[in-house]
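Look for subunit A in each of the two complexes below; its partner is subunit B in the first and subunit C in the second.
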Partner chain A sequence: MKKIILTLILCFMLPSLLPAKKTFDIPAGWRAYTLETDAVTAQNAAPGGRVDILMGFDAVLKTGGSNYVVATILQRVLVIDTVRAEGKNGLVLMLAPDDAQYLLLAENENIKVVFRRPDDAAAGPIQVSVLSNLF
Partner chain B sequence: MKKIILFAFCIFALAYAAMTQVPGLQVYDYEVDALNAAVLKPGDRVDVLQLVKIDGMVYARTSAQNAVVQEVSGGKITVKFDDKSKYLSVEREVLKTKIIVRNPGDGVTRDMNNVTLANLFR
Partner chain C sequence: MKDKIVLFLISALFAAPGFCGAKAVVAAAVNIKAGERLSANMLKSRNVDEGDLQKGAAEYSEANINKFAGLYALVDIPQNSQITVSVLGGGRGSAAAGITSGWRGYFLETDAATAEIVKPNDNIDILVFTRVPKPMVLTLMQKVRVLDVKRQDGKNYLFLSVAPKDAQYLYFMEKKAEKIKILLRSPDDMKTGPVKVLPADGEL
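Now for the complex of A and B:
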């Protein structure tokens, strides 16, 4: 009888004994978005840090054909946390719902996370870069 | 004595099940990558984003808002909707699903437009 009672108690207690997943402190109106990155980026990121997101893609030209361009699509994005699972690394970012949709689209292309100073509040339009402009 | 314990256990199990259930309309399973699954836990309030291909064009859309995560099993996430989810019945070619976590007290839902990369540069 004691064994049965003990087993039942253990069954109900087991979930609380397992390591709990983190709860993110997300303000109303914002979302926590998990973005896969390379290991180096994830190791250098810390909660509270700020990043910009760059995207490289083939832009279709009005004159026909396409040109590879790089654009800064998101600026001053807050890093909530870093995450690692099954050998993959990533960042948990705080985004507005509309920006989350755009980041999902960008993930389908080439993206790069670049770090910035947390106190650097500057944000504004950044010209799209094309290799031909460099020369 | 055994019967009393068994009866008490049944009552407790039923009460526990009732407490953990959230009233809802539909339950759906989604496949997400390991990183996305690693940050989700039962009870989280989430939005479901999907990359879909419609007539050769790739769109990002918010398929469901303010859903509740019921179960996380590997990369399979079971979510329950207690809100209208207008896209659920539309069968499209889904390229990727991403589940994003929201503030549990933030019950605000709104119409979200399907977007393409072209929208980003307008």
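Now for the complex of A and C:
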């Protein structure tokens, strides 16, 4: 009898003794995406912050050859949290499923996260940067 | 005696808030206006029945209070309201509050000596030496405001306020240029203008 009671107590108490995993409030239709970043980006971001994602890649030209370009592929992405695990740093981003696919594609290239004001709601097309535009 | 202890433990267990269906969450101790920066004394613990818990409400803990203190309210938060992450904006540590609307905060890695002499609110010029499309030195940006200077994991960074398009060019050069040089300028020096590109292929 005592064994049963003790087992019951342990069953109830065990979950509270284990380290709790983070839970995220993800609205229906959205996804949480963990993006690995450098330490300075992850450790200086805060939940509720907003970021833009830049991507650098070799664009294939119609005339042949390729040009390195940088484009802003996502704007005003909500940071849900920051994570550090096994010595690596990352941001937990809230993304629409389509945008998650674009970001995964971009992760194969070079990615830069830039910060913006959380209350800066402006988002619009930004001309792609190519070297020839500088001169 | 042992039975009494066991019974006491069981009753204590069931009397715990979790079993009563109530949960202590972080709530607003005062009326908080949109844009206001949160401090620990603006937050309090509030017991909420399981059924009244808002989605994303934060459990009351010292860690969560510390996490929220320093963030900014994105909307008006009435007194006693449950605090959820979605109504707060990054502030503490993120330096996001220092960024002007329409601009971006950019972490640019730099050398220790530069990080030593540059301070927040300084203005800098950014020079690059690139071999693409041909060897040259060019002044990429002028009068860039430094929001912060950080040292992280043995590396030095300047947190710069840049226009979205300039953020793209800066990243372009981080990837393609051989060297990026930071020049400190006088805080009173407002002058900017075209600086001739310096060819570095013997065509001086």
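Structural remarks
Following the convention adopted for this analysis, the second predicted complex is superposed on the first by the 119 of 135 C-alpha atoms of A that agree within 3 Å, B and C clash if a C-alpha of one lies under 4 Å from a C-alpha of the other, contacts with A are read in each partner's own complex, and residues count from 1 in each chain.
In the analysis below, a residue touches a chain if its C-beta (ideal position, glycine included) is under 8 Å from a C-beta of that chain, and two chains touch if they have at least 3 such contacts.
This one's a predicted model, so the numbers in the text were calculated from it and none came from an experiment.
In the overlay built on the shared chain, the residue A:54 is in contact with subunit C alone; subunit B does not reach it.
Touch criterion met: A:105 reaches subunit B, while subunit C stays clear of it.
Looking at the shared chain after the overlay, A:5 reaches both subunit B and subunit C.
In the superposition on chain A, contact is made by A:135 with subunit C only, not with subunit B. When the two structures are aligned on the shared chain, A:92 is found in touch with subunit B, with no touch to subunit C.
When the shared chain is aligned, subunit B and subunit C each come close enough to touch A:71. Looking at the shared chain after the overlay, A:120 reaches subunit C, while subunit B stays out of its contact range.
The contact surfaces that subunit B and subunit C form on subunit A in the two complexes overlap at residues 5, 8, 12, 71, 81, 128. On subunit A, the positions that touch subunit B within their shared complex are 1, 4-5, 8, 12, 20-24, 26-34, 36, 57, 71, 73, 81, 83-86, 88-90, 92, 95, 97-98, 100-102, 104-109, 128. For subunit A in complex with subunit C, the touching residues are 2, 5-6, 8-9, 12-13, 16, 25, 38-41, 43-50, 52, 54, 56, 68-72, 79-81, 110, 112, 114-120, 122, 126-129, 131-132, 134-135. Listed in rising order, the residues of subunit C touching subunit A in the complex are 2-3, 6, 9-10, 13, 18, 34-35, 55-56, 67, 70-72, 74, 84-97, 99-107, 109, 132-133, 138, 140, 150, 152-153, 155, 157, 159, 162, 164-165, 167-169, 171-172, 174-176, 197.
Those residues of subunit B that touch subunit A in the complex are listed here as 1-2, 5, 9, 16, 33-41, 47, 49, 51, 58, 60-62, 95-96, 98, 100-103, 105-106, 108, 112, 115-117, 119-121.
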